[in-house]
Each structure stands twice: as C-alpha cells, then as structure tokens.
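Below: the structure, in structure tokens.
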C-alpha cells in the first residue's frame, strides 16, 4: 500500500520514474504484452539495442508496478522470461469471457509424482525413477513426454545406455516456475513437516493432507 | 487400528511405499523407530484383505512383504554383544526408512506441483503477436525429438496397414502383377481398357514396375493384351483380348513353378 | 487530463481510491485484457453483477491510468467498447522485436515424417523414403536440405545410382542430441507406451545405478 502511494501518488514526476527510463519501460511493456512466449531481458536488449541493465531495470520496475493492488494483470518471470497474464484471483470472473479455454492439464498423482522425481533428480533414467517411486509403470513417462513436460536428454553411460529424462521449458511454463532452482528443496519439505509435527493432533496439517490427498487426486 | 479402517483405500495405494507411509503416518508412528512387528502384521493383513476382495496387487507389494519379514527376523536375531562392539550393525530398518522418507518428500513435491499448476491454470494470457506477424508465414509444427519419434511410429504403422503387394516389394513377382492386372480389368468392367500410365504410377517400387512391365510384355506376346494409343503422343491404354483370362492363368502357373 | 490529475496527483491517499473500487477496477482490467472484441460497460456490469456506474467509473479510472506517461499500452474506447492495445508509437520497435526473435523450428507434417524416416533409416534414398511413407512428398527434401537438417551422402550402388541422404550436425543440435546413437529406439518408446512393464527388472536391481546419483538436487 505504501509502495503504491509512493509510486502512484507522490511521484508521477520523480521517484517512481527516476529509476528506469519511462520510454524504455513503455516499449518493454508493449513488447512483453504482445509476445506469446516469455521474453527474456537479453532478447529485449538485443532487439531494442539498449544496455541489458537498463532493460532489466525497466522489467523490474514494470513487475513492481503490476504488483500493486488494484491491478488485474501481472507481469512476472516464468521459464526464464517475462510474460503478462491475468491474476489467478480473478479466475472466476474472467472465465466467462475467455474464448479459448485451455484444456485443463489433468495429471494423475502417479504422473505428478514422476514429474516431481524428474524435476528434482534430472537428468534421470526410467529405472532410477521406478526405484525411487517403488512402483513399476513407465506408462506415465509417455504421458509426460507427449505433453511436452519432459524430454529425453541423452543416454546414461551405464550398461544398457538407458535414456535420460529432464523437464522442459513447457514444464516451467505450465507450472509457472521461473526456473528449476525455484522449486523448494526436498530438505525444505522435510522441515515443513517437522515444524508442523507438534500440533499434528489439533490441526493435523501435513498428516491430514497426506491422508486425504490420495483420494482427491487418484 | 482395525484393518477395516483402511480398506476404503485399497485401490489407492499405487505401491507398497504408499501403503507403508500411510500406515505409519495415520498411527503417528515415529518413522525413525518403526515397530516393525506391528507394521508387518498390519501390512500382511492388508494384503490378505486385498486378496479376499480379489484385488490384484502388483509384485512390488509381495516383494515389500518379504522385505518387512526379513527386517523383522533380523531384529529378532540376538547379536553377539562383543561383535556389536567391534562391528556395530546398522539398524536393519534404516534403508527402508530412507526410502520411505524420500518417497514422502516426492509425494509432497507432487502436491506442491499440483498447487502451482492450479494457480497457473487460473491465469490467462492474450498475446497479440499475430497482428505483428507476417501473414504469409507457413503455419508449421513446432517440433521436438518426441514428435520425431512419434511421427516415425505413425509412418511405420501406416506402412503396416497398406496393401501387402506394395509393402513387401521384395515379394512382388510377375505372377503377382498378372493377378493384379486381372483384378484391374475385372474392376474396369466392360470398357476393357486401362491406362498404362496410371498403372505404372500406382507402383511404389522399381521392382514392381519392372514386374508389371514384364507381365504386360508376356500377355502381349500371347496376344491376350494389346496396346492402343488414341492419337500420336496420347496416352497408351491396355486393351484386354479374348484369351486374356486363359493366358493369364497359364503364365501364372508356369511362373509359379519356377519360383 | 483533469481526471488524471484528480486521480493521480491530488489524491494519493484517499480520493484516488474512493472514486473507484480497486478490486472492481482489477477485475475490469483483467476482463478487458482477455477479450478480443471491445467489451462494453454494460456487458461488464452484467457479467460481474455490479452497478453500471461503478463499472463505468472503473473503466474511466483505468483509461486514465493507462494514459500516464511511461506506459506502452492504452486502454481506450473503440466501437462502443473498451479494449487494450499497444500504443502506435511503439509499433516500429515491436515489429523489430518480432523479427529479431528466432522462430522455433517449424516443419510441416510431411517434412517431419520425411525427417523421421531419414533419421532412423539413414543413409537412405528418395525412392526408399517414398516407399516407407507411401506418400508423394515433392519439395520436402529440398526444404530439409535448405534448413540444413539433412545433407546428401553419396550415391547408392543400385540401378540409377540414387542420392543417399543423412541427417546433419544441425539436426543433432536442433533435437538436443550428442550423436545419432542417442536417438531413442522405437523399442524404447514402445515400452513406455505399455502401461505397466512386466517385471523384467527385479526391484532391487536398479538400486546400484540410483545410488550413484544421490547428489542430484536433494
């Protein structure tokens, strides 16, 4: 809120604008608006023949401005580039107006788990995935490949030369991730559980989800 | 915990790790100190229940049961305290616990991905790049390696479903082509005329063309077939003669003998 | 202009907010963004179940905000409805940008099929490709040659001495392969397709390979 006032009210002339060239910011906004693939700072710098830092500054300013309350759109970093989209909280209202409803990406829990294993352990082979998951069933790999969420990534130099798999840019796009490093570490998951453990009884947070989730997704 | 309280989930355990984790978490058992006898008992009860309900459990479930029993027996076996001093044995449950914890981490990660996906699904973009693109551009496919493999599979499947004579070209022979000519004329009906060019164009290999050519030559020689040309430089047609069927049959027979 | 001043300058704390509900403004912005046809105030009022005046106020506020300097987009009334578009003064830059982005490799289905056949059966002649595909594909080879995805590789020692084709280094780069041996075999893909693998590998076996890699991301 304070930030908004700062930017919007107090500073049409000075502060809000001073840290990034308004003309450059305007062009950058226009370009990000039209592109279908997230656009990177270096693509912009190259095409507009402007220093990379200036472009980065413009993008940061824009992202902050879109982040203000009272905005229905967001400009954020996904899959290494920037894109404009509507905010998830207005999902219900917007739905009525959207022409091309994107088909919901229905993934089974098995597919999501396999995807998680690949995301964290990539590049990884099918036998390794099966070993971690403790189940046979490479069927989900085909689903993930067909949906372009994963792709092959060479072969592992062990007997049989099994194919290695890794996640794709589409994976980042569809899950709204900046890059693979944005995923919380597996250790963090452990800590979340440990933190939540003491009051397991009353709230039962992680235990409850562990119990109920399978029924929901399966 | 009675066995009936988990049978609602029978078909939901994708693998034994899922089941074990659920047993442990539901009963708030310390995962680092699993009462292996109790868990093994419950696990086996679950398997019996599945069997009684005719639910087919995969081989991993059986394998896990064996692992549990093995751990249980190892724990029961008294260790020589002197030996323990020199070579302290690792807790036999250790490896299983590690696997369970890792499995749980990925289960949580999967849930996290699910949530991220739900948020992403609730956002929309409306790129206007089309209005700035060259309209003439070829709307091709944006291809990946997976597309390449899938495409090749499709091609091969199509190849399999094509008529046999064109597929296994090594098998194509002169008698095959005579048979082919007979069916073509049969289909042509009363006209008795077939375009030679079209016949040749329909062949998919050089060998097939040569066999067709030899078949025609043979039939012409026996005057069962004649070549007609409407006007100079016009298309050449094949015209069926009176003895066509008989001659065709004879050639087929003799050729067949040489094979 | 007056409106803008009103909104932006004079009223950072109270007034700017008071004359339009920020949540409504946000939804309206999102909806106007997502619709391709200009959307009217009454359409919005109906769909969002809000009084027409409130919607009109939100639209006016939005239009004024988009009109501020440093913006690359405009939200204005066109043909009785509202729509968001890029500002014409940036069209040159947008076009330059669109031209600069390297388009992803796009191939027609015929070209992709031919490329797949060559990749798996190389070196191969044109009649052989035709034989496998069963379809006449004139010009496709030329397309692939032009894009440097395939090249000629001598002639086959059969009647007519037809030219042999093979894939290139560019092909490997394009599909992220180190060498052609990394290409997944059809058998491998066929296996993925089957839902559950028969127990070819006893569960314990792949453990050795998995253990080599616990370093991953975890």
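Read from first to last, the chains carry the letters A, B and C; within each, the first residue is number 1.
Definition applied: a contact is a pair of C-beta atoms (placed from the backbone, for glycine too) under 8 Å apart; a residue touches a chain by one contact, two chains touch by 3 or more.
Note that this is a predicted model, so its numbers are computed, not measured.
Peer 1: With chain centres set to the mean of the C-alpha atoms, which chain is at the far end from chain B?
Peer 2: Between chain B and every other chain, the largest centroid distance is to A.
Peer 1: Where the centre of all protein Cα atoms falls, which chain's Cα centre is nearest to that point?
Peer 2: Nearest to the common C-alpha centre lies chain C.
Peer 1: Ranking chain pairs by contacts, what comes out on top?
Peer 2: A-C
Peer 1: CA centre of chain B versus CA centre of chain C: separation in Å?
Peer 2: 28
Peer 1: Distance from the CA centroid of chain A to that of chain B, rounded to the nearest Å?
Peer 2: The computed centroid separation for chain A versus chain B comes out at 31 Å.
Peer 1: When the C-alpha atoms of chain A and chain C are each averaged to a single point, how far apart are the two points in Å?
Peer 2: That pair's centroid distance is 15 Å.
Peer 1: At least two other chains touched by the same residue of chain C: list those residues.
Peer 2: In chain C, 33-34, 36, 86, 94, 98, 176-177, 184, 189, 196, 199, 203, 218 touch at least two other chains.
Peer 1: Going by the touch rule set out above, which residues of chain B reach two or more other chains?
Peer 2: Within chain B, the residues that touch at least two other chains are 58-60, 102, 105, 124, 128-129, 132, 144-145, 150.
Peer 1: For the complex, give me every residue of chain A touching chain B.
Peer 2: Per the stated touch rule, the residues are 33-36, 74, 83-89, 91, 94, 98, 102, 104-105, 107, 109-110, 112-113, 115-117, 119-120, 132-136, 145-146, 148, 151-152, 174-177, 183-184, 186, 189-190, 192-193, 200, 206-207, 209-211, 213-215, 217-218.
Peer 1: Residue numbers of chain A touching chain C in their complex, please.
Peer 2: 5, 8-10, 12, 17, 22-23, 25-31, 33-35, 37, 39, 43-44, 46-48, 69-73, 84, 86-87, 90, 93-94, 96-99, 120-122, 124-128, 130-132, 134, 136-139, 141-142, 145, 151-156, 158, 163, 180, 183, 185-187
Peer 1: So in the complex, the part of chain C that touches chain A is made up of which residues?
Peer 2: 8-9, 11-13, 16-17, 22-23, 25-31, 33-36, 39, 47-48, 68-73, 84, 86-87, 90, 93-94, 96-98, 100-101, 176-178, 181-182, 184, 188-189, 191-197, 199, 201, 203, 205-207, 209-210, 213, 216-218
Peer 1: For chain B, which residues are in contact with chain C within the complex?
Peer 2: 58-60, 63, 102, 105, 124, 126, 128-129, 132-133, 138-145, 147-156, 158-159, 162, 166, 169, 204-206
Peer 1: Which residues of chain B touch chain A in the complex?
Peer 2: Result: residues 9, 12-18, 21-22, 25-26, 28, 58-60, 64, 99, 101-114, 116-117, 119-125, 127-129, 131-132, 144-146, 150 of chain B touch chain A.
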